[in-house]
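Look at the two complexes coming up: chain A is in both, with chain B in one and chain C in the other.
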Partner chain A sequence: MKEREKFLTSLSKILEVKKVKETDKFDSFKEWDSLTILSVIALVNEMFKISISAEDFNKFKNVGKLITFIDKNKKGKK
Partner chain B sequence: MKKYSLITGASSGIGRQIAIQLSKQNNILIMGSKIVELGKTKKLCSKSSKILIFKYDFKDIKNLENNFESFIKKNNIQIDNFVHCAGIAEVKPFRLFSLSDIQNTININFLSAAVISQSLTKIVNKNKPKNILFISSLASEMGVNGHSFYCASKGALDSLMKSLAIELSPETRVNSILPGTIQTEMNKNIFKNKNLKKKIQEGYLLGPGKINYIVDYVMFILSDKAKWITGQKIIIDGGKSSHG
Partner chain C sequence: MKLIFKNKKITGIISILPKNKVYFKDEMKNYNFSKNQSLKLSKIMGYSSRRIVKKKTSVSELCIFGLNYLFKKNLLKKESIDALILITQSPDYYLPPTSNVIAGKLSLNSNVLCLDINQGCAGYEVGLIQAFLLLDQKNISKVAVLNADVLSRKVSLKDRNSRPIIGDGASITIVEKSKKKETINAYIKMDGKSYDSLIIPAGAFKKESDYKTKIMRKDEHGNERSLENLLMKGDKIFNFVITKVPEMMTDLFKDLKIKKNYFDYYFFHQPNKFILEKLAAKTGIPVSKMPNNIVENFGNGSGVTVPLNICFNLGDKAKKNFLKVCLGGFGVGLTWSMIACELNKLSFCKIIEFKE
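And now, the complex of A and B:
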C-alpha cells in the first residue's frame, strides 16, 4: 500500500496536481504531453523496474489501468 | 614517458568506436563509469597498443582533479590527445529537472571536460596536449524538446572550446564536433518510441546518422591533416541544420 501511495504522490508531482485518483484519465491532466509520458515511464522504471514503451503506455486510459499493469508485472517477476 | 590518447565515455557508442580506431595508432587511456563495458572496449581495441583503463564516475566532480592527476603520475604517462565523449541526456520537461539532475548533467557533460583539460595543461602532463576535442552536439546550436540541460551543457562545452583554442594555441588545437542525432546506447530509450524516432530522424537530408561518420572525422581532426583547424564547432549532421 505504501508503495502505491508513494507512486501516486510522485505522479501528482509530475502532473502538477494536488492528488491523483485511480479513475483519473491521463489525457485529462493539463500537463499531459509526450515529455510527461516519458517522465511517468521513467518513474515506473525507477520504482518498479518495469519497462514500458510509449506506445504501450497509450493503452492505459486511466491511472488505475497503469497500476493494475504494474501490480501484474510485479507479481510475474516474483 | 609514454604518450597516450585519452577518451572519456569509452564504455559505449561513439566513445567506444573512437577508442577502437585510435588504438590502431596510439596508446590509449579510456575513462568511464562502467568497468565491465570499458573492459569490453579494451578487448575490441588493437593489441599492438597499450590500453589503460581508469574507472571514474564524473558525477563526483570534486575529486576528479586529484584522482586524475594521481593516475597520470602513478602510470608515468603523458596525454597527447584528449577526446571528451562522456555524456548523459536526461529527457524530461524543463519544470521537472531537480537540482541534482541538473548538476549530474553539467558535471558529466561539461565540468569533467573542463577539469581534465585543466590538468592536461599543467606540469603534471609534462607537455601541453596536441589536441583537445569535445564531442558536443547539434543540440548546442538548436533547441531540442525535453533536452534543456543537455543543450545547456553542450553550449557550455562549445564556449569553453573557443576560449581554450585561443589560450592554448599554438601548441594545442581545440575543437568540438557537433553530431546530429545518432542512435547509440545513450538515447536508445527515445528510439524505442516509434513516433519520437520518426520525429527525431526528420530533416536528415543524407539519411540517418551512423557512428562511423563521426569517428572518421575525429580521426581527421586529431591528425596533422587538420593542422590549421582550431577553435571550430564542426557540425556533422547529414544536412539537418540547413533547414531554416
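And now, the complex of A and C:
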C-alpha cells in the first residue's frame, strides 16, 4: 500500500497536479504528452523494474488500469 | 559474447567536430510543442547546443581532416598505419567503401587494409574489437579506428524525438600492439528482433528512394518525418538501455570478480542526459565517474560519443595518467557492448574543429 501511495505521489509530480486518483484518465491531464509518457515509463521502471511501452498507455484507460498492470507483472516476476 | 585480448592498447584519441553550432532554443519553433513543453523537454533531457555539419560535409572529409592534422603535428606517421577501420552509418557512397576513399585521398600504401563497418551507438566498441582482432596478425602493428557520422542530414527538422539530440563529428583512435601483458575484456550482445527501434526505413535496397518515400507525414505526437528520415522509438530505446546495460554491467563485474569502484571512469555512449541519469541511479555509479555532458555540449554523434566523451572530460589528463576504464555503447541494431580496458598515458587526447 505504501508503495502505491509513493507511486501516486511521484505520478502527480510528473503530471504537475496536486493529487492523482485511480479513476483519472491519462489523456485528461493538461500535461499529458510524449515527454510525460517517457517520464512515467522511467518511474515505473525505477520503482517496479517493469518495462512498459508507450503503446501500452493507449490500453490503460486510467491510472487504476496502469496500477493493475503493475501489480500483475510484479506478481508474475516473483 | 565475451572476447579476450592481450598485448594491445589504445595510444591516442582525437575528436573532430564541425565548427557549426546550433541551439535548441533556436530550433524549438519547429516542433509541435508549446514553448513551455519545449523548455521542460530541454531541461529534462539536457538539451542546449550541438555541433552539426552546415553544408554537405561528408564523413570522409572529417576523417581526412583529422588524419592530416595528426600527420602534420607528428602525432602519427602515415607509413605506420597498417589498417584503417571506418565505422559509420552515413558513408559517402553505397559503394565503394568510404575507408578506401579516405586511404586513396591520403595516398596511403596499398598494403593498408581498409574496412567499413555499419554500426552506430555501439560503433566505438565494435571498431575497437575489430582492431584488436587485426592486431593479432604479425603484419599489423597499428590500426586507425575512425568513427564518423553526419546523420543530422537524415533527421527531420520537425522531429522533436531525434532532432534535439543529433550531432555530427568524427574521431580517430590509434590502437597498437603492446608489450605489457594487460588483458582487455570485451562483451557484446545483439538483438536483431528489435532492428526497427532505430532505423532509416527507406533509401537503401529494401525500400528504394522514390517520390513516396520523400513525403513528410505526421505521427501521433505531431512529429513530421519521411521514410528517408531517421526514426527512433524513444520508449523502446529507453526500456532497452535501462534493462540491458545494467544487466551487462552486473555480468561484467561478476565475470571479472571486481566491484563497481574498480573503474576510474565509465565512458558510456551519450543518447541524452535523461537516460544517463537513470542509468547512473540504477547502477549506483556517481555522475563524476560516468560523465553525461556530451549531448548538451555537442549532441549525440552516434559512435563518436565515447571517444568524444574521453577527449572532452579527460583531455590532457589522459596524457599523464593511468586509468582503468569501462567503455560502453548501446543502440542501433540493437547492439550493446562494454570494454574493460586501460588508458595509459595516451600520446594525444584532444578535440579539433573542422571549419566548413
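Here is the rule we go by: the second predicted complex is superposed on the first by the 78 of 78 C-alpha atoms of A that agree within 3 Å, B and C clash if a C-alpha of one lies under 4 Å from a C-alpha of the other, contacts with A are read in each partner's own complex, and residues count from 1 in each chain.
Convention: contacts are C-beta pairs under 8 Å (C-beta built on N, C-alpha and C of every residue); 3 or more make two chains touch, one makes a residue touch a chain.
As the structure is a computational prediction, the values presented were derived from the model and not from experiment.
By the touch criterion defined above, A:46 reaches chain C but does not reach chain B. Once the two complexes are overlaid on the shared chain, A:14 sits against chain B while remaining clear of chain C. Overlap of the chain B and chain C interfaces on chain A: residues 33-35, 38-39, 42, 53-55. Of all residues in chain B, those touching chain A in their complex are 91-93, 95-96, 145-146, 192-196. Residues 33-35, 37-39, 41-42, 45-46, 51-55 of chain A are the ones touching chain C in the complex. Across the interface of their complex, chain B is touched by residues 14, 16, 31, 33-36, 38-39, 42, 53-55 of chain A. Across the complex, chain C meets chain A through its residues 33, 37, 40-41, 44, 161, 221, 233-236, 238-239, 242-243, 274, 278, 281-282.
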